[in-house]
Structure formats: structure tokens, C-alpha cells
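To start, the structure itself, in C-alpha cells.
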Amino acid sequence: MPVLETRGLEKRFGGLLAVRDLSFSASRGEILGIIGPNGAGKTTVINLVAGIFPETSGQIYFKGQEINKLSTHERNHLGIARTFQSVRPLDHFTALENVMIGALFGQGMHLAEAREYAYEICDLIGLKNVDRSIDNLTVLDLKKIEIGRALASKPDLLFLDELMAGLNADETAEMIEVVRELQRRQLTIIVVEHIMAVVRELTQRCIVLDGGAIIAEGSYEEVAKQERVIEAYLGKEE
Amino acid sequence: MLEVKNLDVAYGRIQVIWNLSLNIGNNEVVGVFGPNGAGKSTLINAIVGVVKAKSGEITFDGVPIHNQETHTIARGGIVVVPQNRELFPAMTVKENLRLGAAYIPHARAKMDETIEYVYSLFPILKEREKQLAGTMSGGQQRMLVIGRALMSRPKMLILDEPSLGLQPSLVTEMFQILNRIKQDDMVILLAEQNVRQGLKVIDRGYVMENGRIAMEGSIEELSEDEHIRRAYLGV
Amino acid sequence: MRNKAMLIVAAFVIAAASLPLFAGPYFLSVFNTIFVYMSLALTWDIMLRTGQLSYGTAGLFGLGAYASALLVAKAGLNPLVSIAAGGAFAGLLAFFLGFGVLRLRKIYFSITTLALTTVFSVIIRNLPRLTGGASGTVLPRALFNGDPGKNYWMIYCLALAVIAISVWLSKSKTHYAINAIRNDEITARSSGIDVFKYLLFIFVLTSTIQGVIGAFYAQQYAFVQPEATFSMNFLLLPLAMALVGGVYSTIGPVVGAVLLGLVSEYLKLIMPYGHLIVYGIIIVLVVLFMPQGITRAFAKLFTRKMQVGGVDSASLRD
Amino acid sequence: MKKISLASVLLLIAALMLSSVSLAAEPIKFGAVNPLGDITGFQTTRAMELAVKEINEAGGLLGRPVELIVVDDEMRPEIGAAAIDRLATVDNVDFFVGGMGSGVHLAQVPALKKYEKITVWMGAASHQVEIAMGPDADWYFHLHPWDYQQGASYGQGWTDIANAHPEIGASRIFLAYEEGAFGTDSYLAYLDLYEAAKDGEGPYGQILNDFAGASFTSALLGGGDYRAMLRQAMDFDPDLFIWAGYDADAVPMVAQAMELGFEPPLFVGAPPGWPANFGDNPLSDGVILYGMWAPALKEVSEISNHFWNEYIKMHGHEPATYFAPLGYTNIMFLAEAIKAAGTLEKDAVIEALRTIEYESPIGAVLKIEPSNIISNQGFTSQKILQYIDGEQHVIWPFEYATSEIKYPFGR
Amino acid sequence: MLAAASKKQYLFIALLVIAAIVIGFWEPHALIYGIQRGSLYAVIALPLALILGILGVLNLAHGEFLTVGMYATFVLFSRFGVDPMLSTVPVTLLLAVVGVAVYLLTIKHVLKAGHLSQLLITFGISLVISELIKSIYTTQPRGVFTTYSYSSTTLAGIRFGTYEFLYLLIAVAVLVGLQLFLKKTRLGQATFAVGQNPRGASIVGINVSFVYLFVFGLSIAIVGLASVFMVPRVSIFPGAGTPYTMKSFALTAMAGLGNLNGILLAGIALGIFEAVVNAIPGGSGWSDVVFFGVLILVIMTRAIREGRR
């Protein structure tokens, strides 16, 4: 049974059909890539699955259960967590407290318990100096906080939205290691990524979106060869 | 043309730029490279007056500008293409472009002429002339904001990470366009993470690290430096 | 350091509790009023911590007052019980209203809570058989027969309870939830926070307290009347106190209420006419020179750290 | 500069010491709680200061000077209540005087009951105050007529006027009342009077046949559009149109009536005060007003004349509302009683307050009688006044009348 | 900030017209009074919305500025015998100056301090203004009476006052003027740009702090303009303008932030609602409930609709 499955998912914003007839699935322990040019609807897919806004039509199944009617936090409780493309750390909180949020509300832990757990998570993802305010953190650390918060809610499915954007090569390499570590823990991970090297490195399987619809599916090597993908992605050869 | 001398910038008590000096000559395209958090955006914000320098001096054509406000600096000929675009989402593409020239006296007179020039650089903007800026895709918005900056007929153009968040095909296109702008004798300060692409455009570059200039050099020097390569070139 | 602070707090608590032993009725009366406004200021601030700027404190205050007064006047309920009942009524109503108004954000939430205040007072004014209409209802006797010491202790205990709730909230799991909601609702939701549940909890909690304070006020002065009971003062003054003291904290509204309360009494002593002009100027000056509130301005003076109660200055800009 | 100010301070202290020598005895303290930000409370306080000045110039009371201590209630109930505490315990006043609004006064009742000091209160007309005070407070004296007494008094007035002038009738009355406590209470009082009148009883028994009312939002509270209400009044076609609102309603009310072409034969306003220079407004001519006092009373009453002149002399402006002479009366009445009692002993002063009669600048003799609930009520009757040629004139009671009634209203 | 009247607005206008016709047949006076008062609410609300939209400041002293304008008109009338209509220019200018002064002394310094500081400072300003007026002029109302302001005319057997139609005229004039200003002038475009994105505006060479100053001054000037035309019809006292702050706030919220056209529509709609309730015998006491009830209803339905989207 796939961890996540969508059937005929559609989303309309006013006149724009941002996602059309989207059916895909992700199975346990898999890292699935969602790629596609700007405006292809990748982030919209995350928002639909996470329940940020309702779909226009179609079904979403998570661990076999239809979750269309559930609100965002209920989906999180079931095991769906995500990071945001532009980092959204919570001010007034330390890095640790940001991570704690996930444990407190995603898992319903008590404060002390959540604190312990958050320390563990920070350790796991290599986040240091966690008791300081987040005012002067580097992008890498902020991204780690994003992951940490998502992880702390003990998800079965984790969306990573443009995780590598804004990171340099070293940092990217470090982040890839973090994601690999998560995969070893049997998490299902869906990455939305622009940086192809990362997609190639991390994912077993990719779906390629263009104009809100799937235009190709398969391993990165496979899809990268397809003419349709290259066109959509790199533009037509002049 | 632009000279930054011993610049210190701080947000509150947290110092972000330390004793930084750089200069850009006439007809030069200068790159500032460095990883995220190195202080590139802060440097740019200080030059265009969005943040105030704690100490140091910035002169443009010999005139000190570090105490001027952003709009005065813009009227004086330095226009920035900010990282997060800063468009007017409820206005059309054309209105956005016109606003680029409307408040710069010397540009206002040549508005119609400049707009044709911008359209020739970015044909998509002419196609979408009547579309609201807020409804365009990220890449198109990036083009619009460069177009808007050019509308002011600046003496110097500052670009803050123009390739950020763009898909690869657009990144290539973006740098091609920058090369065209360069050929029209524009002085450019380009802040980039993407050194490889950036090196194709610049004449000379600086590398920033933790709010300081780590090195300065020609394209050759920059691309050969092993440290830079490993840390920033993404190789 | 922590122990020292606890000692100071304990000294304050005891000193304030023993005030009736040596202070006269006037000071008790002044502090009584200060505690009333302090409690309202705290509840307003607690709601603000979720990011919702409520203009409804006067409305729920008034409802609690009316519920309590009518239960005493019409049903002969014990006044002390009626104070609890007033709070319960306000809380219950807030619970039902919450399903509507808590969908709203920003100025839409603010204006709706403000509008509800007017709606409550007009409805009460137009039900003369039940409420006494515009001329209100007079109670047979004042709480504790107007004994200033007992009334003081009563409101002091209520205010202490509100302070305790505020402190407890700031150390509880709820603190993390409501701060996260104020920061970024989408992130909060995505992290598993049931935003509506927490908003409703805080809304009902603060409304209940406002109702209790209103009920106490009604019992203390033994009357309710739409104009007096739903007065905008019960919104504007607590708001000013919390802001002058410093928002998103317990200490801010407490200090703000004491300072503004004492300042207004003192100003009246030294200039009988026009003292409210000076009061207004003081408020303007505080905003200009201590925009984060007096407590944070002082904390800054005495410590190098910018943070008070986990809130830094930048975060006040939202 | 500094030296001069120091010298002047020393001089001031010396002067103070000298003055305290000249009036060697401890002063008798009157504590007043007035809304100083409002014209009523402001002028009341000024008038009280005049009264105290006159008393002290005449040698004080019982050989002691009188000191007036005034605290602002800011028109906030809790502040008004705290003011009572302050006067009683910090300033240790001997008597309470003053007061305006019913809302504030209701909150003061518990505090007043706590101290049971002799209280001579001049404002607060709502009968709710009477209910709150209860029948047992023998130390409480209330000067202002209660709302129901006012209604009854006017009934008497119109009956008298109708008897004197057969062409004038008040058989159809329309009451426009503001939505707050003040207006609504008037309306309820009228409803009772109308019920009684149906059986030919009560003050309106002889004259009133039909009554109707409609409410409006006072301009004071953000209203100011009376046209819908006035149209209802027009449809009713009353002989007597009364509005019970505030001073801010006066001009727009009469002007909007003109705009609609509504000209009842008797156009009456019953606000607690009137706008500045209302008489200068051409529309004011013939407008009848309910009140306790008019400046014109100075023509017929010596004490009124005295008050008027002395007040202007002392403060440089004219008294604008009846609260000014009432405030003066408030102090003088209490002073007379103390004089009569010859002591500050509570029972004796209460007894004196109950027995003396005081000729007041209000234009009536003040004499204490029981009301519906309390045993010590001062004035019970009001006056009917009319703006004639820009002046307020008394047209009833006839013994204080400064002019004949101008009838009918309209142009 | 101000898209041209949208489809939804046309629909609303159509509904309003239909309702107006129905009410016009049933109770023509309610229609007239509603349009007159509603327009007045709108003129006063427009500047509040402008300041809220461009500067992001909710001005709690809004009504007090209206009071200042009234007293200025009154002083010109009583001291110098200037007819209120002739006071239009001087009072509008004076209020612009007052607005600029208040802005420079206070608002300017809290623009970056967050909306809570702005709320408190404008509350302080409102207190200072109203108490200052009290201490100079007392609470006793003043008035400026002119016969033309109460003249009436009879049309199809309906007699009604004509002066208040001036409110409609001014509301439309101010609205059209503002729209033209924002669309057609350079300063207007700058204002519009600042309203959307202040930083972007400064980058293109717009003097943002001048735009703020200008908008505040302009808004207070509009408040002054409104006050002049109110003066012949109202009593002038220290709290005369105060209730309009809340009404303006309500209209702005009902129209939706940034929707200037919507304010006039919302004003007229609420004005008519109010007038209809007032026309029902015994209804006047409920008119506030109607006003705020409709407001809550509109806000809630919009919230629910947006929640679904």
C-alpha cells in the first residue's frame, strides 16, 4: 500500500488550472522527486496534500485513508509534515523551541518530553547552538530548523520544498547527507527541487510536472532524456 | 565611479559588514561573490541607502551618498534590482515599467524610447504589457524588475542574485541578457552565488566571506583560486 | 538571581495583600480600580499573543456584569456565586461566538468584536423587562456591603489569579501554540497545531475573565446601566495600559496598569482641570520614546540583553 | 531668577501662615465630586466657590472658615466612587456635596452608605438612585427633582397654563426621547402619567387625551438625524411636542423640524443644558424649555440677581446652565442649616436641614420633604421657560413669571 | 488599492439600485435620508481608509480631526462672520497643516514601530485634542446656523431637505478626485505604488516619506472639507466627531481594505438600512444593531467565502 496516493487531483485558482488530473503515489521509504519548470504547480501539490487549501476535485489517500476533508493540523497528526520553500522560522523562539513545536503539537508531547526529543532531532540533523535566538542564523541553519520542526512531529511522509535553494556546495552536500539519514529511517520523502544534481543524487523516481500535469515519470536518468521534459524544462532549442 | 571605503554595517548590535572597501570604475562590470549570509545583500542595501552604514564612506562620482535616502540615490543614477523583486503587484507590466522612469527627471523625458529598448531585451514584457505584475511567474517578474530598473536610465545597475530561484534555462537566458546590457556600456555591480555564470559577465570580482572581502581579482584569478572553487563554485 | 527575583515578587504580593491593614479606603479604592483595569489589560494582552487584536473587552465585561446583576436582582443568587456565573455566561457566549469571529483576522476581527460590543449593549437597552433597559438595574446591596478591605481583597485575588493564569500560559504548551499562530499561521497548522482550538480556548478564557471582572464591578457598585457598563473606557484604558507597559508579557500590562492608574490619580491632585490633556501627552511621549513599552525600556537600561520574557524588539513589529 | 522664586515661595508660605492665623479655627470641610471636564460640573464648581467665598467673607460658619474640596469624577463611575473614599478618609470632609450624572452617582451609593456622612446632593435625577439609596438613609438629601417629579410638575404647569389661557391646549402630547437612560426614563414616566390621565387622575388628568413617543439617538452619542422621528411626530399631530435629549440636540432638532415643516403649537425641549447662544439663533424664538432656572429670573428674584452678578464678577463668564445656581444653592443651603443647628453634630444638622427654608437663586424656596422613597427631597417642581426674543423667560410658575407665554410656536 | 469597479461591485450597485427603488416606493424619505447620511459617512471614511491603506495606520484620532475642523469653521464664523461655505478653502488648508504637523511630530516616528504603537499614539492624540478643546471651549455645544442648510423642496408630494444632497455630491467628488489623482498624476501613481510596496517605491526614486506626509495631510484635509459642510447641520462640541471614527472604521472594513469605491457603496447601503429601521415606529432604538449587524454579516460572509476558496 502506498503511503501517499492521489487520484485525479485538480486545483483551480480563478481562471488558472494550477494542477490538473494528477494521480501519483509514493511508497514507504522512497524518495520521490517532483520537478518541473517554474509555475508548474509543484508547490501547489504540496499545499494540496498538506491541506493548506482545498482541492477543486480529486482524492488524496494517506496510508490508505482518504484525507480530503481533514484540516492541515489533522493531516500533520496523521503523519504528513513539510518544509517551506522560503524558510518560515517562528520568531521569538530559539532554534530548539522551533523544533519543539513539531514534537509538542505534531506528536502531542509534554513540554519536557518535547524538549528532550527536540535535542535528539537537532543532534540528528546536525543543528548546533540550539538555545540561541534565531536572529542571526545562516540559511543552512534555518533550513535545518525547518526540517527539524517537520521531523519532530514524527511524520511518515515528509515534503521538502526547494530545500537546497540558497545553499552552497558544501552546505548542499551536508543537507543531502541529512536527507539520506532520514531515508534510512524509513521515511517517505517527496522533494521538490530545482537543482538537478540533487535530484539525481537523491531520488529513486521522479515525476515531472508542466502546466500542472504530469508529463513524465521514472528515474531521473530516464525522464531527463525525454524530449518533452527537456523542452519543458530548458525551453525549446531555438 | 563608485567607491566604498571602510564600510561597517550593523543591524542593532549585530555587525554584518566589517571594514569593507571596494570600488567600481567607469565602464566596469564587477561581481561580488560569496555564499549565502556573506553579506552581499547587506552591502547592496547599504549602497542604495536601504540600511544606514554604521561608519565608513560611500561615494558615487565623488559625491558621498551614504547619508542619502534611497530615492535620492536612485535619482542620482544608482538603481538596484533587488533579490525579492519589490514589484507593484496591483499594477500592469507597463505601469510598473513607467514607474521606473517617472520619478527620475532625466529618464522621464526619454520614457517612450527606453520602454522600446526594454521590450527589445524582454519581448515577453511587451506581450504581457497589460497583465498585472502580481499574476506573472517568478521568472517573468525577475525580467520585469530588471526592465523597470533600466527604465530609469541608471548610470550604474546593481543586481542582487538575478538568477535566484530561476530554472536553469532561464538562468542561462538571464546572463545572456546581462551581457547585452553590458555591451550597452552599463556599469554593473553583480552579486551572485552562481560564480560560474557570473564569471561569464564580469570584468573583475570580489569574494565576500562573513561580511569581509576575502579576495579580489580578475576572472582568471577568481576561477583559479582553489579555495573559492571548493567553497563557492559548486564543483 | 532567580531566587532574588522570586523574593521581590513575593514581597510585592505580600505587601499588596496587606494593604488593607494600613491603607485607607481611598488607596484601596484606587488600587481596586487599578486591579480591575489590570485584569482587563492582561486578558486583552493574552488574546493579543495569538495575534488577534480584540476590541471586544468592553462587551464581554458588560455581559458578565449584566448576567451577574440580573441573577442577583431577579433570581436572588448569592452575589459571589453570581460573579462566577457572570464569567461563565461571558465564556459560554464567547464559545458560541468564537465559531464565527475566530475565522476573522486582523482588522476584520477587531471591528467585529467592537461591533459586537455595541450590539450587546443595544440589545440589553432594548429589553427593558429583563434588563431594566436604558436606566439599568439597581441591586439591593453592594458586595460585602461596600467594605473597602474585602472588596480590595476580592479584586486583588482575582487579579492575582489572572496574573497567575498569564504566567502559567507563558510557560505552558499553549504559549508555544499561540506564539506560533501569531508568527505564522500556515507554519503553525503544518506543524500540527489546531489553530482554531487554541484561538477558541484563549478567546473563551479571556472572555470568561472579562465577564468575571465585569460581574465583580457590577456587584461592587451594585448597579448596571448600559452606558456605564459597556463604556468604551473598559476597552481603551486596558489597551493603553498594556501597550504603555509592554505587550506580549505579564509584567507589561501589570506595570502599565499600576503606572497609568497612579499617574491619572496624581495628575488630578496637582491639576484639577485639564489633567487629561497631560495624561494624553504622557501616552504620546511613551510611544515616541519607549515604543516597546516601559518595562522593556527599563529592562534595556538595566541589562545588556534586549529580551524580556522571550520577546525581542523586532518581534513587536508585526 | 532662582532667588526671586525662592523669595516668592517664602512670601507665599508667610502669607498662608498669616491667613491661617486670621482664620484661626480648623475649617469646616465640604467635599464635592463634580465632572470638571463637563460644562455642568465646571460651572457648578465655580458657583460653589462663589458661595464658599461669600460665606467666608461673612465670617464663616460657627466661627470657622469653610473649605471646599473638589474632586473630578471624569464621568467615570469607579472614579466617582473613589473620590468619595478620598474625600471621606484623606481629606476628612464633614459633608458631601455636588454631583451630576446618575451613572456615576449610582456607583457612589455604596461608598456614601459606608460613611453615612451628611450628603446634600444636587444632581442625579434618575429614580434608580432613589431605589439604590433606599428609605433608611436619613443623612441623604437630594435637591434635584426626580425624573417622575419633573413629569408631574410639568403636568401641573400645563394644567395651570391651559386654565389661564383657554386657547392653549396640551391634550395631544408627543415625546421624543433619546435612547439613553435620561430619555428613556422620561418616556417611562410619561407612560405612567398617561395611564393615570386616562382615568382622569394625576397631574395630566385634566388635560391629556392622547400620548405617543419615539426615540432618537442623541447627537451627543453619534446621532443627530431626527427626521425619521420628527416625521412620526408630524403624523401624530400633537398640541405639545417635547424632546428629551441633550444640549447638542437643540439646534439640529428645531432646524430639522423647520426643514420638514413641522410646527407644533408648543415646541418644548427638556435637555439638562442648552447650547451657547441658543437665543441668538432665529429658530429659538418661541421654543419652550423645561428647567429649573433662567437668567431672566434675576429680574424677579433678588437672590437670583445677586448670584448672577457675583458669579460674573468672580469668574468673568455667565452661568450657562441651571447647575450653576443649583451648585450655589447646594452650598448655601447646607451652610444655612449648619448655622441654624449651631453645631456640626450630625442629628442636629439633619434636623436643621429638614426644617429650614432657603430662598434660592433657582427661583423657588428650598424646603425638604419626603419623596416616593427617600425622606429628604429638596426641589420637586420645575419651571416652564421660553425663549422669547433671544432671552430665556420664565412663563410658569406664574409667581416667578418674567413673561407671558408666546403662542403658538412657529413663524 | 483601487482596481476599477469590479464585476462584483456592479452586481452590488445593481442590487442597491433595486433595493433603493423598492424602498423609494415604500418609504421615499428613508431612501433620501439614507443616501444623504450614507454619503456623509463615506466622505469621512474615505480619508481613514486612505491612511489605513497607504500608511497602514489605523487613526483613532480620526473623529477628533473632524471636531477640529468644525471648531475652525465655527471660529471663522463667530469671530469674522465667515459663512461656512466660504470657510471651505481656509479650513481644508488649515486641517492639511494640522495633519502635516501631527504627522511630523508623532506619526512619522512610529511608522516603523508596528501597528500597536500607532494605535496607542493615535489614541493619545485623540485624548489630547478632545481635552484641549474641552478646556478652551467647554463642553457646551456651539452652532453655526444658516437658513440655506435647512431649506427644503417638495417633489412629487414629498418634502425633503436639499442641503444634505451636498454630502452625496462631495462624496462623489472626493472619490472621483482621489481616483483621478491616483491614476493620472505622478504623485498619485507614487502614492499608489507606495501603498503596494514602499521599498519598491523608494527603489524607483519615489520619496516615500514625502508620500506618507502628503497622504496624511491630504486625508486630514479631506476630513476638514467634510467638517465644513457638516457644520451648518450639526452641533459643535468636543465629542462631535468622535463617533465617526468607529463608523469610518466599520465602513472601511465592510468595503474591504483598499477598496475606495466600496466605501461609498457601503456607506449608502448602511445609511439606507439605518434610515429604514428608523422609519419603523419603535425601530430607532435598534438602528445601531442593524448598522453593526449588517457589518458583521458582510464581514462574516466574505470570510466564509474566502475560506472556501
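Order of writing sets the labels: A, B, C, D and E. Residues in every chain begin at 1.
Just so it is clear, contacts are C-beta pairs under 8 Å (C-beta built on N, C-alpha and C of every residue); 3 or more make two chains touch, one makes a residue touch a chain.
None of these values were measured; they are calculated from a predicted model.
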Counting C-beta pairs in contact, which chain pair has more, A-C or C-D? C-D
Taking each chain's centre as the mean of its CA atoms, which one is farthest from the centre of chain C? B
Return the chain whose centre of C-alpha atoms lies at maximal distance from the corresponding centre of chain A. D
Find the geometric centre of each of chain D and chain E from their Cα atoms only, then give the gap between the two centres in Å, rounded to an integer. 37
Using mean CA coordinates as chain centres, what's the chain A-chain D distance in Å? 75
Between chain B and chain E, what distance separates the C-alpha centroids? Give it in angstrom. 43
Where chain D touches two or more other chains simultaneously, the residues are 37, 42, 179
Two or more other chains touching the same residue: where does that happen in chain A? 135
Touching two or more other chains - residues of chain E: 131, 246, 285, 288
Could you pull out which chain C residues touch chain E in their complex? 48, 53, 100, 103-104, 107-108, 111-112, 114-116, 118-119, 122-123, 125-126, 236, 239-240, 243-244, 247, 273-274, 276-277, 279-284, 286-288, 291, 316-318
For the complex, which residues does chain E have touching chain C? 52, 58, 106, 109-110, 112-117, 119-121, 123-128, 131-132, 135, 246, 249-250, 252-253, 257, 285-286, 288-289, 292-293, 295-296, 299-300, 303-304, 307
Can you list the residues on chain A that touch chain C in the complex? 50-52, 71-74, 76-77, 81-82, 84, 88, 90-93, 97, 100-102, 104-107, 110-111, 133, 135, 149-150, 153
Using the touch rule from the top, collect the residues of chain D that touch chain E in their complex. 37-39, 42, 179, 214-217, 219-222, 224-225, 227-229, 231-232, 247-252, 255-256, 258-261, 273, 275-278, 281-283, 320-321
Given the complex, residues on chain C that touch chain A span 172-173, 176-177, 179-180, 183-184, 186-195, 248, 307, 310-312, 314-315
